[in-house]
Structures are given as structure tokens and as C-alpha cells.
Amino acid sequence: MNLHEYQARTLLKAVGIPMFDGDVASTPTEAEAIARRIGGTVVIKAQVHAGGRGKAGGVKLARNPAEAADEAAQILGMTIKGLTVHKVLVVPAAEIATESYVGLIMDRETQRPLFMVSSAGGVDIEEVAAKTPEKIVRLPVDPTYGLFPHQALSLAFVLYRDFAQVKAAAGIMEQLHRAFVDNGASLAEINPLVTTPDGRVLALDAKVVIDDNELFWRPDLGVLRDDSAEEPSEAAARRANLSFIKLDGDVGCVVNGAGLAMATMDLVKYYGGEPANFLDIGGSSSPEKVINALKIITADPHVKAILFNIFGGITRTDDVANGIVAATRQFKVNVPVVIRLTGTNEAEAIRILNEVGMPALSDMDEAVQRVVQLARAAA
Amino acid sequence: MSIFADAATRLVIQGITGREGSFHARQMIEYGTKVVAGVTPGKGGQTFEATVPVFNTVADAVRETGANTAVIYVPPMGAAAAVIESADAGIPLVVCITEGIPVMHMSRAMPFVRSRGVRLIGPNCPGLITPGTRTKVGIIPGNICTAGRVGLVSRSGTLTYEVVNHLTRNGLGQSTCVGIGGDPIIGTNFIDCLAAFQDDPDTDAIVMIGEIGGTDEQNAAAFVKEQVTKPVVGFIAGQTAPKGRRMGHAGAIISGSSGTAEEKLAAFEAAGIAIMRRPADVVGLLQRKAQSTKGVTSRK
Amino acid sequence: MNLHEYQARTLLKAVGIPMFDGDVASTPTEAEAIARRIGGTVVIKAQVHAGGRGKAGGVKLARNPAEAADEAAQILGMTIKGLTVHKVLVVPAAEIATESYVGLIMDRETQRPLFMVSSAGGVDIEEVAAKTPEKIVRLPVDPTYGLFPHQALSLAFVLYRDFAQVKAAAGIMEQLHRAFVDNGASLAEINPLVTTPDGRVLALDAKVVIDDNELFWRPDLGVLRDDSAEEPSEAAARRANLSFIKLDGDVGCVVNGAGLAMATMDLVKYYGGEPANFLDIGGSSSPEKVINALKIITADPHVKAILFNIFGGITRTDDVANGIVAATRQFKVNVPVVIRLTGTNEAEAIRILNEVGMPALSDMDEAVQRVVQLARAAA
Amino acid sequence: MSIFADAATRLVIQGITGREGSFHARQMIEYGTKVVAGVTPGKGGQTFEATVPVFNTVADAVRETGANTAVIYVPPMGAAAAVIESADAGIPLVVCITEGIPVMHMSRAMPFVRSRGVRLIGPNCPGLITPGTRTKVGIIPGNICTAGRVGLVSRSGTLTYEVVNHLTRNGLGQSTCVGIGGDPIIGTNFIDCLAAFQDDPDTDAIVMIGEIGGTDEQNAAAFVKEQVTKPVVGFIAGQTAPKGRRMGHAGAIISGSSGTAEEKLAAFEAAGIAIMRRPADVVGLLQRKAQSTKGVTSRK
């Protein structure tokens, strides 16, 4: 789960990381009040889960509270990469001496939290990693022992020569590590970590991504989820416990299992179609899940045909068949549906479907070819 | 005849009295697996289905029944702790089916697991099955498998079944099928399984089913190039996946330009792994490989 | 540093360990008020750092508040093993179904915190360990990982069969472990851990010993030190940064280094004397330390002669000589002093002492024999 | 000619610019030790006494100077972290002089130290000295030592000097003197040193100086009985110590009936270790042992 910058700031502040002043606003009036309190020139930053906010016009300077209100009014409500801006962050336009990068990710290769530190900060770190990887110092942290003080210090020496700044940065490394571990993050970064002309070390921008698996037992993190910052169909799917990602094609897919769902999308593409979504209804699929899945997919006007691809292992195919029948009774599905079912209780599933006049296929390739044809015909 | 699980497997099921655990316990017993014990704290002394003794702790189960393999069906929040309990009880092979375990938990558990020299399979995996000895540890449907000489390793669940189904229907039986799991941090990776299949005298050819995210397939391809002499056929799911989105599996996510299907398929190609464009391709590719290597897969 | 029972209760309560109600009182009136608040029969327990409080009359039952005041009046001010009782703990006289023992010590053999758990609780656990060691289950905790949940559970299964009690006890194991680690304890025990007739699991008595080395950086623990519960000369020595233990003999010893100090006491005994104390002035001995050491030793009326045994390594023997001279100028030392000095700056030290007419020896055996003779002559 | 420290020792001093560190750095350099680096964070780039380069981290020092032994003079609260830093930098021998380290810190540090295969001596110890190569790592006064063939291992500081003094004055030189430290948790124990002296071709006899508290001496006695063929002479300090009181050293405490001098002396006796009743006895006992084993200590 991506956090907004203002939420990430709150988590990092909570562990003691020094930050520039600033606050989040939902209205121009709020933005004006924050700008007045801060004083001087401020930066107004759109809070959306999208990169390139600056280029899209979502980050603006304001020299006084009135300008802050004006700029906030411009940014609030604008759309960046399909997402509407509901909140802006107002922070001082800081005078900056140096900019560095400090980040922690959960690294699958070492199976550990991995520090990445670079004195080339304030820029896209992926670009630094691609073009000048030698500028990034990496350090995996053994989760058994945590971050040792000498490790924090050696990372800080990468960034600074002045020992007061080194000590400050080492403290920030330890705090960032704590925030990462305590919040079950998969990413926590400060970009840039800046020094001011008078020598202070502060975090200017923060990004935190929380491992979705933490949310079940961490309601305090779950509340940070901002539905309004998501694609509405994806938010609806999440609430229905479906793993769903919206895409740009016209073939809706309902599959059990993530791997098979991806393979189904790939096969749609292979046969010349374009998948409209990724959708995994999971292992123990109740009829309700099927109904919800159909509702979400049919809500997309681009969808021209729908494919069910169910390999019954734990999933009982008759459950899925019942779900399909129930769904078509609840609401009208206006696009053609192709059903492929095989495995557990396959005969019963086919019987259920045939009873309401729906055919079922057992071969995946055949089903995918059929649905691609249907979508093309409807286009 | 197999890797990791065979006739010597004596299985303890952690979470045997739970909804998932009890369902799959029955399936495994029916299939023929030697289920010697179950563990549910507080239910020690009970008997599952009138045949399997239930213990309060894995240590008790090991002491009383000589269990040498554990399979875990406990809820996500306690699953990493269950892995550690089995490792601490001296069980050399632990299979964790549970999906949704926080990655931080696994990151903490792995050093302990390794320090005990334990092989962990999973988490978030369907487990493994050896049809030849009718040994099933996990949730792979037994009825789609048949004994034979193809080894299969996969990051996926139902996609594995799809491929196994093609194999079985076309007379290509399996030595062992292993699902290594869809999480970013897993105990056993492709290379571990490839090495085991390479060393298994009863495996003639290997199918590996990967997906987007991470570099495990790329590393595996390099390993195949250097160390594997048996024919290998490979698939990568997620060629149409967008960047930066988690495709169901926590591990199936393209970060920046890394972990893409293209990257992985290129690595396969460079390693001489025959690439399946569709799951159904597995049969033809294996047969072609078999011919070019003088019919290894048809040997019994 | 030994904590009083009431202090140990506070530390264990802070981590959530369930306890019987109760509070500490310094006066009979306070004890009466606590007894009234608790209601019913209470137990009044002397708070002193000494075993066998019960046998010494330091633990009494009181059936009502008035009796509580009476018993507290008896116990407050009494002397148990040389220590005056300044506080009493008032707790309910609980109805108890079972008594167990749960303890954690820092084990030198495994270099880890070691759990000791026994269903034979409420009695002297050392006796259980000596006579029926099989009744104690031991479990070392790897400090790298901490106490695993399955370990807490398996320890709890040693004590109880009822799963609700097992879960409660497992929670207490985890809490006790946390209290042990977080407070840098060398011992933390609950004896007994009891079950009530209605099935609750509670700590009845608690004992905690804090590693002295933690106190330098843990002022929150340092304040728990109760000087009034210590031998006054030892409290004075501690304040002067001297490692000092009072004994019953008549030969005062001032030595640099703990091992040499013990060996000096042993040699005093070997030559027929009785050491009056253990005293290590440490490595970098300033004259002030020597002065304080002499003050503390001469305050003991039993001391008949004093021995300095200094092996100058890091310790400069001239510093010690200066300290001796300065001390004799500040106050009169009424008992004979034998000085043995050797090592760093030995010649200068002897010159300093000879200047004020004090002789110095260089052989330890000779010096010890001399001081034993002098003490015997003075007796 | 020695154990643990010799002509190959290249020493880095952690805390070299501190009060204690700088004092003993001078002493070690004067004695002849190859002090190749110092470490004080924030003082990297300086030079100590115009000869020893100072670095910000031990890793820097190792990379630049090839240091292979570290000695630690940092204050108690950072000392365990300093041990870990040196172990992490790949230094195989770390000597920690610092007194007063919380035992919990050492309990946490030891698993890491062991996982890196590092030998830690101490903490709360005087270090070690090999007079034959004029290599001193720690604080044992060099002037009381002389080269020879007696190995000495001790839990104490000044008591060690007392015994060494007797040896030197009576012509019994030392191969290596090791102070293992007075804390309850230490990295190197009596057995480690006894085994090393037993294997050292240039050590003929061993002196061990123990004290009350713990069971290290008892375990060592059992080891001597089984594995040590060289003559061993032993002392236990604290015969007059009361129970339950910490005699200066955190480790010198009799708990219940365990860790008493009687217990330890009985173990010595059972193992054939000659018992010194007084520090001065060391000379006579060694000479007697030497005669009964055909003058081993006089061989050169």
C-alpha cells in the first residue's frame, strides 16, 4: 500500500526523523492558513499516488499565503495520471546546501532490508541506479541483529564529512530503519535528505510503501488507506477481497490463482486480444466472490466480452458455476461470457450451467480464442 | 524416484484442526501420504479422524511419532512462528502453505531456518507431490498427477495444475511437482529444485514455471546453463502485466525495469531453456527435447 | 542491585504481568489504609534484602485494617539479618489453587537468559534444584531471536493442562522475558506463580536483580536503589566509586584489582588473620579514592590494622602513596598501617612515604604476615 | 613461541584518541607491538603520535592497513558495539579491555561474534602479552614479563601481575600471558587457552589463575584431565569470599552452593593440577613439576 507523502512524513516524524515544518490541506483556505503559519515562500504539493507530479503541474511555489490559496485551488481537483487530487501538502521552500538519497527496501535477493544511500539525491534514484550504480552504496541489514551502530555510521560517512552531520545522519538511518521494521514497510525512503546552509540535516520528501500483508493485523496502518486516491474499480475489488488490477483492453478475465490469471491475460494477448483486467478470485471461491467480480468487470464500459478460466483444485468449480448463475439472475450481463471450467466437481458445474443454457469449455486455449473473437466482433 | 518427498516422508500437519488444515489433511491421507501427527496447541491428546494423534507442540509430535516433514496451514499472523517451531523441533523439511504472511516475518524467520539447516518450501505455495510414492505434502490435487519422469517446479498454484494436467493427459508422468511459492521471500528457490532434479536419477526432464518479479528465474537460467544437463522447458507468466503493480502474488511485481517477463525469457533463451509460449506448449517441447536427447522422457 | 519486592512488582506490572492488588507502606497508618482498600485478610511483608523474612517474623497475616496497622507497627523498624525494615508490602491473603515457579537468570554457561520453570513453586527453588533437579525445566533463550512463541507455550504446558491457563502463563513468560531484557536484569522471578480457585493465573511474589553495569546508563533504574536497605559503609563506598564489601574480621584491606583483593583476603586468612573487608580501589586510583577508602575502613571499630597491597600496573603507586599521606593529614588513623607497593613508579612512592616516616614493603607475603601480627597484637 | 599474539600481529586500537586508549597505545608501541591503525569516528585522517593513522571505522582501518587484531578501549556503553564492528570488519582476534559492559550487551554480541568465527578475548580483561616477540595487546605491564616457556591464563588483572612477577624474578619466562576477564560472559575461556597452550610447541607448562563464580575452572579441570599433557599449576582467588556478594568482578560471585573456591580446588585436585595456596607458590610448584617431568620448563 502506497502512502501519501504527508502520511509518510507522519510515520517518519513519529520515530524522530527531523523534518521541515509543513502540513496537509484539503481546501485552499486550509492551505492559506498553513502557509501563513509557516511564513515565507512555501511549496504546494499534490498528494496522489503517481510519479512526475512536478511535470504534471502538481507542485507549485507560493510566495505568500494568498498565493498559496490560489495555487492550492489550482491543484486541488486536478487530475494526474487519472487520479484526482484531494489533498495538498504545504511545506516551506527550504534553502538547501546539499541533497542526498537514503532509502530502505525489502530486498528479495538477500531476503533482508537493504539500505541504499547516495550523495546524488533529489533526483530519480532509479535513474542513478541505472546510469551510475557506483554512486549508490548498498548495505543489507541482518534482521536477526538489526542495524548495528557502526553500520549506521558508515552509511552516514558516505554522505557527509562534517562529523556533526555524520552523527545526525547516522541517527536518521537508525530511525528510518526502525520506521521500516516497525511498520512492516517494503520501502521507506527520504529523497532528498538535505543539509541547510546552517548545517542542519533534515528530510525534505518522504515515501513509504507498506506491505499489504501487514494490514490484516495492523488496523493503525490500514486506516491510512486512501480509497479516493485509487482507481474506483480497484478500491471496490479490494473491499470485496478480490485481487484486481484494471487494464486498458476489452476482454474481462475472471480466474482463480494469480499465476493462472497472468497466464490467461498473456494468452488473450497471444491470440490477438487485449485483457481488460487482472482478476484472481482466490482459492476458496464462494458464489459471492464471483458475483462481485462480475459486477466490477461489467461496470467497465470498455469490456466487450468476459472469460472465466477456472482450474478446480481447492476451488470447487460448482461454486463458481453457482456464482455465475446467481449473478446473471441479480443483474443483466450485457456482454458475451465464455466459461472454461475443469477440475474439482467439473461435471456438476457443467450441469448447473447447462441448466440455464450456458455452455462450458474445458480447454483453456479454446476458451481464450473464443472470447477474443467475441470481443473483436463486438468492437 | 523423486525429490524432497517420498515413501520415507512422515508428515506432521500444523493447524490440523483448522478449516484449511483439516480439509487438506483428509486429502493428503486419502492420496496415500503417511500423516503421522497433527499439531494444534490446546488440542493435544485428541485424535484427528480417529487415526492421527494431535499434539500441543511440534516437539511433542516429533518425539512421539518421528515426524520428519511438516506442513503448515496456520493463519498468516502465526505462520512464520510455526515455521520456526518446526525448525526448532529438528524437522528437516518444512512446507508452508499459508498465504499472506508479512514479508518482515519471513525476513526474520529465514536466518533461523537456515541456521538450523532446514529446507523450507514456501510460504504461499501449493506444496509438493510425488505421484510415484503417492506422497502429497500440500494442496496440489492428486488426481491430476501421475507417476513418471518429468520434474516440475513452479512459483504458481493453479497455473501449475494447468501444466501438470497437460502432462498427465499426454502420458508424461511426473517424478515430483514442487510449488515454491509466490512470495518475495521464500525458502526454496528454482536453483535448489533444479539442482535436486539434476541429481535425481529418476527425473529425465524438467519443467520450470516462473512469473514476473525478482531475479530468481534469471539466476536459475544461469544455473541451468552451467550445471543442468537434463532438458529444461520454461514458462513465464505475466508478459502483459503492467509495471509497479502487484499481480496477486506479493512477489509478482515489476520494479522499474527489473523482473520483467522479457528479461526472464531472454535469460531462458540464453541458457538453452525451451520456452513455452502457452501452457499447452509443454507437451510438444518436452517431446521434441526428448527426441533430440534420445527419448529420455520415455524411459521408465 | 537487588530490588525490593514492591519494586519488582512495579517492573513486572509495567509489562502487563497480572498481579494481586497491593501496595507499599512506610507507616502503620498507610498499611491500615491499604488493608482497608483491599478488604479482607491481608499479608504484611517486610521489605528488606534478606532471605528468610518469614522465619524472622517479617511476614504476618492481618484479618482487618486495625490488625494490619498493629502488625505493620511490629514489623516496621525491626532488624532482619542486620538490616532495618523501613517499608512493608500489604497484599491480599489470596486463596490459592496451585503454586508454580517461573524464573529467568542470565546464565554464564550458555551465555543466554535461561528460563527455569517448575510446578513445584512457592518453596525455595535452590532447594528444589539441589534435591529434585528433574522438577525444573530449563530453556535458554537465544538473545538473537528472543523468546519464540512456541517456547513460551511449551514452558506454559509444563505448568498447566487447562489451555486458558496455558495461554495466560505463556503470555506471562513473554512478559517476564521482556521485563528481564528491557531492564538488564540478571534475575527475574515469580515465586509463586499461582492459580486461584476460579482459574486465574497471577504472580504472587516477585524478585528482580538488576545488573549493576546497567545503572550507569539507566538512571530510571538507578533511582530504585534503596541506600537505607544496605550496610551503611557499603553505601558510602559505592558513592565513592569503590568496590567494597564489609566482613567480620579485623584486618582492613586496601587493594587495587578485584582478583588481587580476593587473594589478599585469602592470604590474610592463610596467615591466621581475619579480613575486615573486600576493597578494590580500581585501576586508575586517584589520591581521593585512597582517602575515601581509609575513611570507610577506619570507621569500622573492629578494624585493628590496615594493609595496603598495591601492584602498580596502570595504577601509579606514587598516586596511592600521595593518597595515604594526604589521608593521614586529614584525619588521624588510630590503627597501624602496613603498606606494600610494587610496580609503576615504585621508587617515587617509597620516597613519598619515607618522607613522612612511613615504611613500605615490596613483598606481599611479608606484608600480610606483618599486618596479621599487628592486628593480633592489638586485639 | 606463543598463542594468539605474535610477530604477525597487526594491531588496530579502537578508541585510540581517548584517555585510556591513547595512554595504552603509547605503552604498546613502546613495548614493540606493531600498532598499524587507530579508530575514532570523526577523527579519520588524523595521525596518532605522528605514526599511527586514525580512521573513522574499523573497516577503513582493515582495508588500508591490513590490521588483523583489534583492541578496544571504548567506554562501556559502546564497547559491545565496538566488538561487533571489529568482528564485522573481518578481524579474527578482538581483545576488549573495557570494564562495566552490561552483561545483556555481551549476551547479544556473542552470537554475532561466533557466527563470524571471531576469537574475542575479554571483556573486562587486561589483554595478552607475548614477551618473546614483544607483542602486547592490552594493559599487562611489559616490564614485569620476560620471554620463556610458561603459558599463563587468568581471570584477573593485578593478581596476574603478582604471579608473573614471581615467575620473572625466578627466571621462569612466559610464552604468552592471557587475561580472559572477570565478567560472567566472556569470549575466550580457560579451555580455549589451555587447548592453545597444549598445542603450542613453545609452551612447556601452564599456570591458570581462577576465582570464585561460575564453573569455568571446573570445566577447565575436566579438560586438563582429559586433554592436557603439559604440567598445570592453578590458583583460585576468593576462598574467604562470602556467598551472594559480587567481589568486584561481575563474574566473581558465589550463587547458592555453586562457584565456590572449595568446589574449584577440588576439581583441580581431581585433575592433577598442582594447587597454589599463595601466589608465591607458583615458582616452587612449577619447579617441582618440571623436575618430575624431566625439566620441561628449562628447555629453550
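Letters A, B, C and D mark the chains in the order given here, with residues in each chain numbered from 1 onward.
One rule holds in what follows: a residue touches a chain if its C-beta (ideal position, glycine included) is under 8 Å from a C-beta of that chain, and two chains touch if they have at least 3 such contacts.
Because the structure is predicted, anything quoted here is derived from the model rather than measured.
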Pair of chains joined by more contacts [C-beta pairs], A-C or B-C: B-C
Between chain D and chain A, distance of the C-alpha-averaged centres to the nearest whole Å: 56
Between chain D and chain B, distance of the C-alpha-averaged centres to the nearest whole Å: 51
Of all residues in chain D, the ones touching two or more other chains: 108, 112
Junction residues of chain A, two or more chains touched: 144-145
Chain contact graph, described as a line, ring, star, complete graph or other shape: other
Touching chain combinations (by label order): A-B, A-C, A-D, B-C, C-D
Chain D-touching residues of chain C, taken from the complex the two chains share: 106, 108-109, 111-113, 126, 129-130, 142-144, 181, 184, 186, 211-214, 216-217, 243, 245, 247, 255-263, 265-270, 275, 278, 280, 283, 311-315, 342-344, 364-365
Footprint of chain C on chain A - complex, ascending: 144-145
Chain B - residues contacting chain A, complex: 23, 76-77, 100-104, 106-108, 110-112, 126, 139-141, 144, 154-162, 165, 182, 184-185, 209, 211-212, 214-216, 235, 237-242, 245-252, 256-257, 277-280
Sites on chain B touched by chain C in the complex: 41-42, 44, 56-59, 78, 81-82, 84-85, 88, 108, 112
Touching residues on chain C, where the partner in the complex is chain B: 145, 148-151, 153-154, 157, 163, 166-167
